[in-house]
Amino acid sequence: RYGYFGRNTPEMVRLLFCNVSGCLTEGRIFLSASGEEMVSINTRDTTGIRMLQKADVEVVLLTSSLDPVTKELAEKVSQRTGCKVMQVGEEPLDALKLEVGQRKLDWKDVAYMGNDTQDVNCLNLAGMSAVPRDAPNMAINAAKYTCRGVGGKGAVREFAEHILLQKKKAQSQMEQDRIDRKNF
Amino acid sequence: RYGYFGRNTPEMVRLLFCNVSGCLTEGRIFLSASGEEMVSINTRDTTGIRMLQKADVEVVLLTSSLDPVTKELAEKVSQRTGCKVMQVGEEPLDALKLEVGQRKLDWKDVAYMGNDTQDVNCLNLAGMSAVPRDAPNMAINAAKYTCRGVGGKGAVREFAEHILLQKKKAQSQMEQDRIDRKNF
Amino acid sequence: RYGYFGRNTPEMVRLLFCNVSGCLTEGRIFLSASGEEMVSINTRDTTGIRMLQKADVEVVLLTSSLDPVTKELAEKVSQRTGCKVMQVGEEPLDALKLEVGQRKLDWKDVAYMGNDTQDVNCLNLAGMSAVPRDAPNMAINAAKYTCRGVGGKGAVREFAEHILLQKKKAQSQMEQDRIDRKNF
Amino acid sequence: RYGYFGRNTPEMVRLLFCNVSGCLTEGRIFLSASGEEMVSINTRDTTGIRMLQKADVEVVLLTSSLDPVTKELAEKVSQRTGCKVMQVGEEPLDALKLEVGQRKLDWKDVAYMGNDTQDVNCLNLAGMSAVPRDAPNMAINAAKYTCRGVGGKGAVREFAEHILLQKKKAQSQMEQDRIDRKNF
C-alpha cells in the first residue's frame, strides 16, 4: 500500500537471523581442562545489534546443534545482546519458517547472516543476506552481501549498518513516491 | 603567560579520557558458561599510560553503560593501570564536562581517545583526539589523529607517544619564545 | 580390484592423523595463575572433521609429549570433535605405524596434517599431507599440500575439503574406468 | 683458544635472556572479573626454547616489575618452558650483569630478546639481540636482529633458529681453522 516500495520490499527488513558461531563470534571456542567453555563477542557488533533493535528490527541469534554452545553460554550471549537465542539443526530453514510465519512476515522482510554450508538455503531465501569475509566460498556465493569484516570483529555491525542504510533509502523513496503522487 | 603557546594550547595536554572498550581492549569480551567475563589489555598500552602519568598527564578510563564491563572487571583494569575508571552514558560529554571543570581545565587541554559513534562529540571537542585504525568511519572523521595500530594492540601507546611529542614541541617552542623575547 | 585407481590410491584416504597443536589450535596455550590451561578450536575446523567422518574417513588427533596438553584438556577436545586423541613422542612415526597396521591400511591410504619439525617424517610418508600456511619451512617442504589458512583458523577444514575433493575425483575416475572396460 | 673464532665470539651464545611480555607472549594479559589473570604462549616458541636448551644454551625468562605477571603465573610459565623466570626492574641491566658474571660469561656470549624501551640498553650490549617485528622503533633500532614474526607467535622460535645457525657457522669455521693450521 506504500506504492511498489511498500511493506514487502527487502529493504524494509523487520527481522534478522544471525548465526552466533563465526558471525557474532570468530567461530572459536575456548576449552579449558576444568570443562569451562568460552566465546568472545565484540562491542562493535553488539552496538550494531542495538542499532537494529532501536530501528525496530528484531534480532534472533542462532546456535547449531552440530556445534553446540552450551545452554549456559547461550544464555550469557542472550543477556549481553538482549536477543533471543534459538538452537537450530543442520538445516535451520524449517525452524525459521515457523518463526517467520508466527510474525506474519514474508522472507523478503527477513535478513540472514550465516557463515557456512548449513546456512546456504537461508542465505538464498532471505530478502537480505550476508556472510563475513572469511566465510567458505559456498556461503559467499549464496549471500547477497559479503562483509569486509571477519566474524567476531565487526561483520555483524557492518551488515547492521547496511540494513539500516537500505531502510533509509527505501523510506526516502517512499516519501518521494507519495510527493510524486500528490503532485500528479 | 607563556606567550601565545601558553597553558591553553592543545599541545599541552593535562588529561586524557580513553575508552576502555575498543581502545585499551580490542573491543572483545570473553564470556564463559559459568558467568566469568574477561577482557585483554596490552603491555605496550599500559606502558604508554605510565609514560603519560610520569609526564603529569592524568589518564581517566571510560566504560559505557551501553556495553557494561562489570564493576569487578573495571576495578581490575583500574588496579592494573593506576587509572580512575568512570562509567559514562550514551553521550559521555556531560559527565566529562564536569570532570574537566573540576580540574579547572579547558577542553583544549584535554585529549580524548574513542572508537565509536558515541565518542563523536568528544572527539570533536577535545584539543587532541584519536581513534584506532579499525574504528568506524564516523569516529575516524571526528578524530584529529588516526592511529596506525588497532585497539588493544598498541593504539593507546601510539597516541600517548603522539601527545608526549606534541608536548615536547610546545615546550621547546616556549623556550624559543622566551629566548626571542629576551633578545628582543 | 577397482582398476589401477583402486583401494590403495592416495586419493582414497581412510584415515587422517592431525596434530592438535598448531593445526586444530593456533599453537597457543593459555595459562592462568590458578593453574587452568585453555586452548581454542574453530567451528570451521570441527565442521571439516565432521565432513570427513561422514565420508568414512577416521580422524585421529595427536598431542605431543613435548608439549603436553593435559589429559583433561585432550578429553575435552576429543568429546568436542568425536575423535580419538593419541599422545605421541618426539617422533610420532612408530606409534602411528602400529595404528595404520591395526587398521590394515597402507600409508598411501593415510593423510597427515602437522606443523613442525617432529612431523617431517610423517608428512613425507603419508599419501596425502598438509601443513598450515604459518608452519616452519622445514615442515612446509615435507608436506604435499600447504594450506592457505593458518592453524586454528580453518587450515584443517581446508585440508578436509581437499581430501574429499580428491576422493570424489578418484571415484569418478573409477566409474569412468569401469565404463571404459565395459565398452571395450 | 679456538683461534679468533673462540669462546668469546658472539656467535657462540651460551645464555639467552628473553622478555616474557611481548616476546614469549603477545604482550596481552587477560583479566577476569574474579581476579584471574591469563597469558598465552605458543608451542612454536616453546619448541624453540627446547632447541636452544638441547644445544646447551641456557634460557632465562624476564618479567618486569612495571608490568608484573603474578608470581603464580610466572611459575606456570617456568614449569611449561623449563626456564628460570627472573623479575627485573625498569632497567634490567644491573640484575643481568650479576647473572652473566656468576656464569663467568662475557656479554658477547649472551643473547637478549626484548620488545620495549626498557630493553634498549641490554639490546645494545648483548652479543646477539632481537626484537619481534611489532616492537616500537626505539627497540628495533637497538636490536641487531628484527624478527619477521610478532611476539607470542613465533618470534622467539625465529631468534632461536638464528642463534643455532650462527653457532653452526662458527663451529664449522673453527673446524676449518683447525684444518688450515694443521695443513700449514
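For this structure, a couple of remarks:
Going in written order, the chains are labelled A, B, C and D, and every chain counts its residues from 1.
Here is the rule we use: a residue touches a chain if its C-beta (ideal position, glycine included) is under 8 Å from a C-beta of that chain, and two chains touch if they have at least 3 such contacts.
In this text the structure is predicted, and so the values were computed from the model without any measurement.
Among the remaining chains, the Cα-based centre furthest from that of subunit B is the centre of C. Rounded to a whole number, the gap between the C-alpha centres of subunit A and subunit C is 34 angstrom. Subunit B and subunit C have Cα centroids separated by 48 Å. Shown for subunit D are the residues in touch with two or more other chains, namely 30, 36, 38.
Touching chain pairs in this entry, ordered by label, are A-B, A-C, B-D, C-D.
Interface of subunit C with subunit A (complex): residues 30, 36-44, 46-47, 50, 70, 72-73, 76-77, 80, 152-154, 157.
Every residue of subunit D that touches subunit B in the complex is listed here, in rising order: 21-22, 26-36, 38, 66-67, 116-117, 134, 136.
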